[in-house]
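In what follows, subunit A forms one complex with subunit B and a second complex with subunit C.
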Partner chain A sequence: MKLKKAWLTAMAVATVWGAAGSAAQAAEQYIGLPSYRVGSYAAGGTGVFGGWIDYMKLINERDGGVNGVKLVWQECETEYNNARGVECYERLKQHGEQQNVLFAPVSTGITFAVFERVAQDKIPLLSIGIGRSDTADGRVFPWVFPMIATYWSQASAIVGYLGQREGGMDKLKGKKIAVLYLDFAPGKEPFPVLDRLAQKWGFTTEKIAVAMPGNEQQAQWLQIRQMRPDYVILLTYGVSNPTALKTAARTGFPADRIVGWWWAGAEEDVVPAGEAAKGFVAGAFDPAGTDFPVIQDIQKYVYAKGQGDMQDPKRVGSVYYNRGVGHGIIYVEALRLAQEKFGKGKPVTGEQMRWALENLKLDEKRLEAIGAKGLMPTLALSCADHEGSGRVRFQQWDGEKWVPVSDWIEPDRELVRSLVEESAAAYAKEKGITPRDCSKEQ
Partner chain B sequence: MQFFLEVFIGGLLAGMLYALVALGFVLIFKASGVLNFAQGAMVFFAALTFVGFSDRLARWFGASPDASPVFWAALALTAAAMVLLAWVVERFMLRKLVNQPAITLFMATIGLSYLIEGVAQGTWGAAVHGLDLGIADEPVMWLLERYNLMISKFDLSAAVVAGVLVAVLALFFQYTKVGRALRAVADDHQAALSVGIPLQRIWVIVWAVAGFVAIVAGLVWGARNGVQFALTYTALKALPVLILGGLTSVPGAIVGGLIIGASEKLAEVYLGPYVGGGIDSWFPYVLALVFLLIRPEGLFGEKHIDRV
Partner chain C sequence: MIYREAGQFKASYEEDQQIFPIKQDRIVMAALVVAAFFVAPFVASEYWLQAVLTPVLVFALAALGLNILTGYAGQLSLGTGAFMAVGAYATYNFLLRLDGLPFLAGLVLGGLSAAAVGVVFGLPSLRIKGFYLAMATLAAQFFIVWALTKFPWFSNYSSSGIISAQRIEILGFAFDTPARKYLLTLAIVSLLALAAKNLARTNTGRSWMAVRDMDVAAEVIGIPLMKTKLLAFAVSSFYCGIAGGLYAYTYLGTVEPDGFGLDLSFKILFMIIIGGMGSVLGAFLGAAFILLLPVGLNVLMHTSVGVLVPATLASNLELIVFGVLIVFFLIVEPHGLTRLWQIGKEKLRLWPFPH
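Right after this comes the complex of A and B.
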């Protein structure tokens, strides 16, 4: 009898323990992170993914997760390589019983490579500031989210900034703008917008290619010197950024007349150029700085406890780092929204996450509550609009730090959206896709 | 004409920088018959190690990283690291591959390049660093004022450094006992061993010397573009130089560098606009290919004759 009682007790304990265990397991939300911490673009990868992970650590540490659901993640090293990116996509797809709910490779090449897989697997693809601009049309690309600003919006914002500097868009008439671009897909992505804006405002553009990796640009800058442009728009990445700034200085082109896109606007792009970078202006959707309350909270709750992800804590608050925090905020806010709709305190699926991303709205009030006011522009996505903002800020390197020199600049929405719809419609026709009717979706 | 000259001279100076990297390849090929695929990784490793030591020494002693004692101490420590690397390569890689086909050795250096890249970033981190050697990267004023030519002071200084390095290495190979032993080893491993040349010591010496050349190349390229992973790509610029100048000729590296540097810049400016631009990455390879058809051993390479 005693033995039977002991046996029953053991069974009961095991059952309760098991249930508690599975409940604990269920109260975790998994995400797979295709990071790149080694190789050519490791400086960017460690910053972006470091910031993202630190934000998730902050949410776990300070708030106990999202409505009690702890955030867990697994990294896979892509080295910013497309083939490895696809391999990582497959590896990260499933984690025990949970499916990956968001794939964000922070690489245009990998974004292109997994483009069609995400739709089959029902995993949203987050491509903040990268990827194909026409994927902003959610009717044709329901699983892709080129949030905050696409290359097309950015190109339009750069022209808008130049117009502001000149004292009005009409003042751009007759101006000559050299476009120095790295000869890879993202480098050429802004061309359609630049061409149409050149027609609209009466300026001319001269496009000059720099072959990958762009560590020697003497010939290009001598051509620019001969051309004598009013401005140079810099669409380069990695080592080609400091090389461009150094070579510009060597050939006598002033840095303050060079305006870069956001992949030229991190500390890693200007520090190696030293004095030559002083005065250079670059776009940003995630300005640098440690004054944002959310960054201070990360320092308080994560770094003060020695749990930070950055090998060099001085990089906290840098452009790449803050970009990663921005990714983290979008992920967590979408998760929160998905839980509100589909059940609080439970992990969500890829399809639920997609719904949340499409309905995500981050206004000034919410950004202030998160402690990220000014760290990113306000966002409002919809079924048709997967970009949600398009606004870009510009900052200038003073030799020590980035200093904001503009407010959030709106792109030429009408022009950009017409291009997006035109290109998306062509893609839909080519692939035989019937665009979604957003009026019928909730 | 002034523009042509500017492009041409700029190209020649850039070519000297390519030659600096090519020298490391030549040294190792000359002494061991190995085309060292890891030379680019060695340039990166050397520059990152130098910057890493500079930062730490400056922090420990409360000095500026640009202070002279910090510079020389970091340089000495980096040189020691390159000697250690040479010893490790000989002890754990080359020693096992004595008298193996060249392709085996080449494949081993491919693996070595991944290892060195990983160790460099694992040890010193992935951050990008600036490097100031105290030489201003600005035009030489009297050339600008008198001839309206923009020639960089930094590139001129780097070209002088490369020239001096080549002269020293050429003398070393030609007139020293170690230099002659290096050449003997390159000709035939077993024959060199049979006449008492200590193959293992010679390999350590030559890899260490290639390491020192990598330090110079790493510092020059690092000061120019920043110390970052992309330094490994400097090897891509050196390969056509090697094909042109010959794999076994130290002066050939310089001549090859000058030809490649000048021709790629002229091609970019005068041919580029007709084919969409950005041709300076592949044009040197096309040029090298044409040279290969005419002189397979390169301009200064040793002619290979086999008995039938």
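Right after this comes the complex of A and C.
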């Protein structure tokens, strides 16, 4: 073991020495970003991580960091591939003397692949809008934060939105809803919630699978035409989104009766479908737009100086980009909170970060102060609830841009939460985990 | 000078038939094994153990499995990922459903399940060959991944088909740190590599090669085609199944069916093409090349060039350089890295007086 220690010290000395050249001696806060900028999902990866990096640049440029602590980061290319993601996780873990404080792969697969490692390494795992829904139970999964909304909350919010459109949840009785889903892991994640809600409100669902990658859907839409459903819920991703909309138009199904989840609701999903996408409604926890003051500030402080991360500055304010800014806001706000508790002006550790995430509260006032009112829902996390909101907003594509058509819609909390607890308890039992007692947490 | 075999006489059949007939080879190999077992776990950092050495070993084992089928027996397969999936999911289910089953037994049962599935999908090989067989194994690839997502029983009713590996414990000793997991992987992989090397030198291995070179001729000299081909499928799938189990248990910890997609099968096929068909060493060299080169390039791009160019361009450059290097190696030596190594050895033997 002595040898190992000597080796580690040597490595540490070497890396510190290497980093010393580029980094000043001022306090710095490191985070590792497992981005993906190539491959089939590059549109999502460049948008989200671009927005996140731009927000950190804004904080450095405008405020001089968080309480004087400069934000620094290191990227690692995952290619949206699980094995590469694990390698990145390990590589980003240590940077000089600092440990990574937050790992957010923005990929359901990588989230699954590392979600047991994070507890050992004491690095919080952030999975906004992706990942396992039952990780919202913070008693069983203290290190995982499926923030803002899980797939289950989203499914419930979609049904809630349909109820609103019909003029009341009880009007859903007897309605026929087709669920067109891409046959991959997240595509089926919403089913338990949809099934229970169908029972509760008396509508019927018909689930129709599309094989990956979903660029041929003629048969499925013919089936839908025969069924004559009142609505179609679209759970597809990537290339299958424009295909669905185009095929729907060809078979004569009106686009405004199709409601997509948030992975169908970016500009990249509808623009290729052209006219066929007009009127399509999709969920969002991060509406598009450049009118938010925080986006304006990014334009002013980052892009005006030519330091923006997006190669195409027109994408600033797009859905994926704003999602990235949302990630950045959560990260920076958690840092602020952790510094307030554990020492202002000092970098924080993964454990302190976890505490801050768990106690994070972003109300309307705070969001307005950041300049992100309406960019994301208000958040209030707790030891037991690692989701914090669950609210989803719906927006409609008018042929040129996304227009909000609903306010933030609450999911059926009682139902979703009972499912989360049930599933988390089953996991705890399988793994022999004793859930934390939240009354003892401070 | 150093690499001279003059004076090494072989006085018995055993000496003549050993795996490494040259003394220097034996010394180097022994040193390598000692280093891998006794030095690496102590000096390598966690990153190296978890993210570099363990995956290289796991993928080398999978490549070895494919090499038995494609390199030795000449049956082209695109179902490697699926056979790994069978291994991983079968191991998980055996350990989950049979209380008190030892880990190694579960792993072997997982491998055997993969072997059984491999034999079933190997049946078409009796009638079809070459690219057409590749299509048949492609069916295995899609069918198995589909079945694992379709039937929730396989993943113990997890809503997305994800399984997370149970703790590994052998005779009360927990393999829970990166170093221990690495050692376990290394032990299993070296054992199976040794077995593969020896298998290739027996009657079985020779009949595989005969079938590969010309199956009609092989049949004429009395090699039963059905038995030989199916045995190749079984052994190969067994290796892939064990690799899949290790992939889930000692490397990733949590796996989903989509992770065992066609991409993975192609990756392993590239490993044996780059490493060298029909060679055990090739599997290791190919796995290291295909896995580590992109990582190395990524580190390089984000530290040196990446500072100068935008991150998106750096990430794309990586892929371009990776592709160019593969083409370069295939042009320089179409028979893979193993052949390069052999040429190097030939030269070394004559050095410094080549004439």
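Methods note: the second predicted complex is superposed on the first by the 416 of 442 C-alpha atoms of A that agree within 3 Å, B and C clash if a C-alpha of one lies under 4 Å from a C-alpha of the other, contacts with A are read in each partner's own complex, and residues count from 1 in each chain.
We take it that contacts are C-beta pairs under 8 Å (C-beta built on N, C-alpha and C of every residue); 3 or more make two chains touch, one makes a residue touch a chain.
Every value quoted in this text rests on a predicted model; they were computed, and no experiment measured them.
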*asked:* With both complexes superposed on chain A, which partner does A:K246 reach: first (subunit B), second (subunit C), both or neither?
replied: first
*In the overlay, answer first, second, both or neither for which of subunit B and subunit C A:R37 touches.*
both
*Have a look at where A:T46 lands relative to subunit B and subunit C in the superposition and call it first, second, both or neither.*
both
*Should A:A113 be classified as contacting the first partner (subunit B), the second (subunit C), both, or neither?*
second
*asked:* With both complexes overlaid on chain A, does A:D183 touch subunit B (first), subunit C (second), both or neither?
replied: both
*asked:* Taking the superposition on A as described, I'd like to know which of subunit B and subunit C A:R84 touches: first, second, both or neither.
replied: second
_Is A:Q311 touching anything from subunit B or subunit C once the two structures are fitted on A? First, second, both or neither._
both
*In the superposed arrangement, does A:V210 touch subunit B (first), subunit C (second), both or neither?*
first
*Determine, under the contact definition given at the top, whether A:G274 touches first (subunit B), second (subunit C), both, or neither.*
first
*In the superposed arrangement, what residues of subunit A touch both subunit B and subunit C?*
37-38, 42, 46, 183, 212, 311
_Using the touch definition from the top, list the residues of subunit C that touch subunit A in their complex._
42-47, 50-52, 55, 146, 149, 156, 159-162, 164, 251-259, 263, 294-295, 298-299, 301-302, 306, 310-313, 315-316, 318-319
*Going by the contact rule at the top, pick out the subunit A residues touching subunit C in the complex.*
1, 3-4, 7-8, 11, 35-38, 42, 46, 74-77, 81-84, 86-87, 89-91, 93-94, 108-109, 112-117, 132-133, 183-186, 188-189, 191-192, 212, 309, 311, 423, 430-431
*Residues of subunit A defined as touching subunit B within the complex*: 37-43, 45-46, 183, 207-213, 215-216, 218-220, 222-223, 225-226, 238-239, 242-243, 246, 249-252, 268, 271-274, 276, 311-312, 315
*Give every residue of subunit B touching subunit A within the complex, in rising order.*
3, 6-7, 10-11, 14, 117-118, 121, 125-132, 137-139, 150, 152, 154-155, 221, 224-230, 233-234, 237, 264-265, 268-269, 272, 276-282
